[in-house]
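Below: a set of structures, written as structure tokens.
Next, two complexes with subunit A in common: one pairs it with subunit B, the other with subunit C.
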Partner chain A sequence: MSEAAVASASSTRRPRLSFIDLSGTSRALLRGAVVVAVLVAVWYAAAIYARATGNASLTLKLPYPHDVLLDLFNKWSIYARASWETGSRAVIGFVIGTGVGLLLGIVMIQSRWIESAIVPYVLASQMIPLIALVPILRAILRDPDVVRFYICAYVTFFIVTIAVVRGLKNSAPVAVEMMGSLNASRWQTMRFLRFPAAVPYIFSGLRVAAPLSLIGALLVDFIGANSGLGYLLVASLTLGANAASTTLWSALVVTLVLGLVFTRFVAYLERRVSFWQPAYRAGATA
Partner chain B sequence: MSWAHARRLASPQVVAPLLLGVLVIGAWQAGVFHSAFNLKPYTVPYPSAILAAIEDDGDHLLKHVAISLPAAVIGYLTGAGLGFLVATALVRFAPRLMTQVLPVISATNSLPIVALAPVVGLFVGYGLPVKVIVVAFMTTPVMVVYTVRGLMSVESEARELMASIESTPGQVYRFVQVPTAMPFIFTALKSMVVLALIGVIVTEAMRGFEGLGFVIADAMSGFDAALAWLALVTIAVMGIVSYLIVGLVERLVVPWDAASRAAG
Partner chain C sequence: MTQTKPAHTFDPNAPVEARHHHEPVSERAEHPVAISVEGVTKVFKTSNEVKTVALQDVSFSIRVGEFVSLIGPSGCGKSTLLRLVSGLVEPTAGEISVNGLQPAEARRRRQFGIVFQSPVLFDWRTVEQNVNLPLQVIHENGSKAAARVDELLGLVGLSEFRKHYPWQLSGGMQQRVAIARALTYAPPFLLMDEPFGALDMITRDRMAGELLRIWSSTPGTTVLFITHSIPEAILLSDRVVVLSARPGRVLRTVNIDLPRPRNERVRESAEFYAYENELRRVLQAEHADKVEPQPTEQPEL
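For the complex of A and B:
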């Protein structure tokens, strides 16, 4: 949102390139393509340099991008299954966490006592890397899938709760007064005023929570699980000899793409759910 | 005055969280959670056991703090410095490039950057450097995005005033843009604290033989739950204290904003 503000602020000063007037989406796609092209070029340059030095171990550690692509193509079923194992758990945990966070947030704003009892802990949890809980949860719950659900839900619900409380309390006082003058019930005020006003806050929380829940699931893979993308990453370091570094790079690429898709999907949902927001209505290119 | 002071202490803001904390810890010590969720003391120790662990493992733990903390701090400062430099370079010298690059940089926030840790470790090993690099990777984009936002949010009146007194771009940057950006920069610095700790802990828990992340993973697999929980509490304290320190520095550096925020 604010990046868009920054972008538009600076674009007013520069002359428009009128001959290629791209729409927002195609401009974003073009930008993505340029980024990928630059990354691949840098990667090729580094790989060629590694081979030029004649350093065998460096050559082994840094495969060509096309090697990785080939590896992804040949062993796609492995990567697809690992992505599913990590990604689906992260999404389910994320959804559970969102639900719990919404409920808790709504409960919290009903009473000053409940709110002031819980808020300091919720805030403190923002400053604590909850990810450190993974090894402990792993010992308590045993099943890696259950740990993934828990940790993803846990990370999400804290962030969502804060966002909900902030959003629900942030309705314009004038609007609240108007609802009062219309004799609106508590529920009606919630339904028609407070909740819609909170939606942008909730989504900005969700955009923060999405990559964190994926990190949580990855960390479960890293330590103790024997499935998922994180496991592929670590296992390729310890188990394999030659082909392993290609697996490592492939798994890395898949993980990064998964993270991007997940967060983009949340952003897409936001556009669909809260389409009335000025940032979207004006046809902004966020 | 003391009466008002006492009244404030008795307000829900102070009493309610303390009450909840005491209740939860008391119930935990009394074994309520253990019987309700069928938890075992060797995975979830009682608070008294965690306290007792300070005496047994305190020194051991401090040694690992001395490994994790510098990694987090160096990575954090690297990320902050690098982010600030990149943001400055973009805003001052390449504003056109910036509009294209900024969305890309902010998109990296949505990537699970910690997945880079094994790849970085492949090249530099599993000592201090891998943690510093991972933390810097995680924190730099946050700093860039917020600093750019801050440097760009100068009011046009201020710009016009500076132009009318024939100030150079360098002067505008120093006397107008940087002070304007300060609150934004501190927002970034605050959210980077937890990212730095996450980066260090994940890297340590994944591979390596030292640091708090390793202690938690290792202690849990050796059923030394009290030590693992103590390490968890230590990390929590580190996170909160670092956050408070950043907040304190913010009060000193940008008193005008901190005051207005407290009032609002």
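For the complex of A and C:
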């Protein structure tokens, strides 16, 4: 191909590309809409199939999406209160857990001795099934809110601790030497170098911990409380009234949205705080 | 521990005399010794069995205000020598004295500005915040600190880029920020570890000229410069210390008697060629030697 042919080929392709190439946000919206449309279509197909089989129990368990929407609209105040109950406690527990995780991580990197003394217990803490822990805590602490705080913090702190320890240890050796040439104190090296360098690691941990913390709060609703989204889920299953399965699906949809908002907010915070990461720099494609 | 000899004693609190860099080498010979390295050997224990001799019986000295380059093939322990002089690592044998102090003590007194091969800038800080870092470490803030940062950014020609982040700058500009940061305390010693090694040839040549200019506006600063570029060493230095491949030993010390102030055009002079050939011959002769088995040689990793 001659050079002129290449040039003309690329110039004719250009306008088409810009036609398809929407701006970042509208492309993301379009992609989201397509995914939701596919999911709703699959749901409808399944619900229609359930009714075709004539299985009454299956029909009851799988309402049409519009039934769920209607239920959400009619009983929005119930779902709003339950969301607040579960969501706010999950966020508070998450914040407490993050704080504890940061502190523990900072203490652990002070010496290898302290680290090896603490690590087994941190690991062991995650071996205890939450299902077993919640009733015990409920018996000891009595207040379901305190149990929610505790469980959410419990789930979060571990992930944050591991992330902080990794992040704080991962400063470039030459950067540590540079701080040494300034005769910076241990604390100054921590404050000016190690901690900022660890921020991306901490946020990767927080992104994982955010939905887990919400699940933790939901679990407490289930087995340690008489309110919240988790309680709505269980109540709809065990107190088998006719409309109950709609409640289950509504509560699930609300949980999903809550989880998405939570993780999105953490992602937004990350972009604001560690804007300097290669992925967030102006012009970065990742 | 031997006591420092009288020739090496130097009062670190005495005012550093301003001097012009175009005075001839013969006059600078009168300046007191600032850094002395005597019989220094450094052995790294890679494992229980394998020991790597990085440096063997290295001796040289640098006078106040001199610009001395260390040159040698990669892996000859040049960087190790810089870390020894700055007290970041301890020698296995031998003595190093910096203004009559132990290197670690000199480092504690913030006598060194160090520039590494990579700029080592903090991505979360702007250019001016990076240069301000050393001042923050000594709790110096307010108008005095701001004025110092202004002065340094002006010196390296980056005043317009003060609000930029390091990753928004070219490699050469990043290294100029690193030089500004190293000069923040106005240290008597500037140690540079292949500072232009990661730059392209064109930028590299320009940076060498920049460094000459910066050095001539910070009178009395003694520079230890590590490079593997022969022309760079000649252009910049008063003296070039040639090291052998591992284990690093001093092969020869060459005085560069070219007039100062120097600029890029010095490269075109006959004397420059002569120095270049001399240094190349020393390095090549050493390479020919390496064919012979050497008793101290250790397996490469």
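Everything below uses one rule, namely that the second predicted complex is superposed on the first by the 248 of 286 C-alpha atoms of A that agree within 3 Å, B and C clash if a C-alpha of one lies under 4 Å from a C-alpha of the other, contacts with A are read in each partner's own complex, and residues count from 1 in each chain.
Throughout what follows, a contact is a pair of C-beta atoms (placed from the backbone, for glycine too) under 8 Å apart; a residue touches a chain by one contact, two chains touch by 3 or more.
The structure displayed is predicted, hence computed values, not measured ones.
Enquirer: Identify the partner contact of A:Thr98: answer first if only subunit B is touched, second if only subunit C is, both if each is, neither if none is.
Expert: So A:Thr98 meets neither subunit B nor subunit C here.
Enquirer: Contact-wise, after the overlay, does A:Ser171 reach subunit B, subunit C, both or neither (first, second, both, neither)?
Expert: neither
Enquirer: Could you say whether A:Ser250 touches subunit B, subunit C, both of them, or neither, answering first, second, both or neither?
Expert: Neither partner.
Enquirer: Kindly classify A:Leu218 by the partners it touches after superposition: subunit B alone (first), subunit C alone (second), both, or neither?
Expert: In the superposition, A:Leu218 contacts subunit B only.
Enquirer: According to the contact criterion defined above, which of subunit B and subunit C contacts more residues of subunit A?
Expert: Answer, by number of touched residues of subunit A: B.
Enquirer: Based on the superposed arrangement, let me know which partner A:Thr156 touches: subunit B (first), subunit C (second), both, or neither?
Expert: neither
Enquirer: Have a look at where A:Ala184 lands relative to subunit B and subunit C in the superposition and call it first, second, both or neither.
Expert: second
Enquirer: Show which residues of subunit A lie in contact with subunit C when the two form their complex.
Expert: Listed in rising order, the residues are 172, 174-175, 177-184, 188, 192-193, 196, 199, 274, 276-278, 281.
Enquirer: Quick one: in the complex, what on subunit A touches subunit B?
Expert: 2-3, 6-7, 9-11, 13-14, 28, 31, 34-35, 61, 112-114, 116-121, 124, 126-129, 131-136, 138-140, 207, 210-211, 214-215, 218-219, 222-223, 229-230, 233-234, 236-237, 245, 248-249, 251-252, 255-256, 258-260, 262-264
Enquirer: Provide the residue numbers of subunit C that touch subunit A in the complex, in ascending order.
Expert: My answer: residues 83, 86, 88, 107-110, 112-114, 116, 118, 120, 122-124, 133-134, 136-137, 165, 167, 185.
Enquirer: Which of the residues in subunit B come into contact with subunit A in the complex?
Expert: Residues of subunit B touching subunit A: 12-13, 16-17, 19-21, 39, 43-44, 95-96, 98-100, 102-104, 106-107, 109-112, 114-116, 118-119, 121-123, 145, 148-149, 152, 193-194, 197-198, 201-202, 205-207, 212-213, 216-217, 220-221, 223, 225, 228-229, 231-232, 235-236, 239-240, 242-243.
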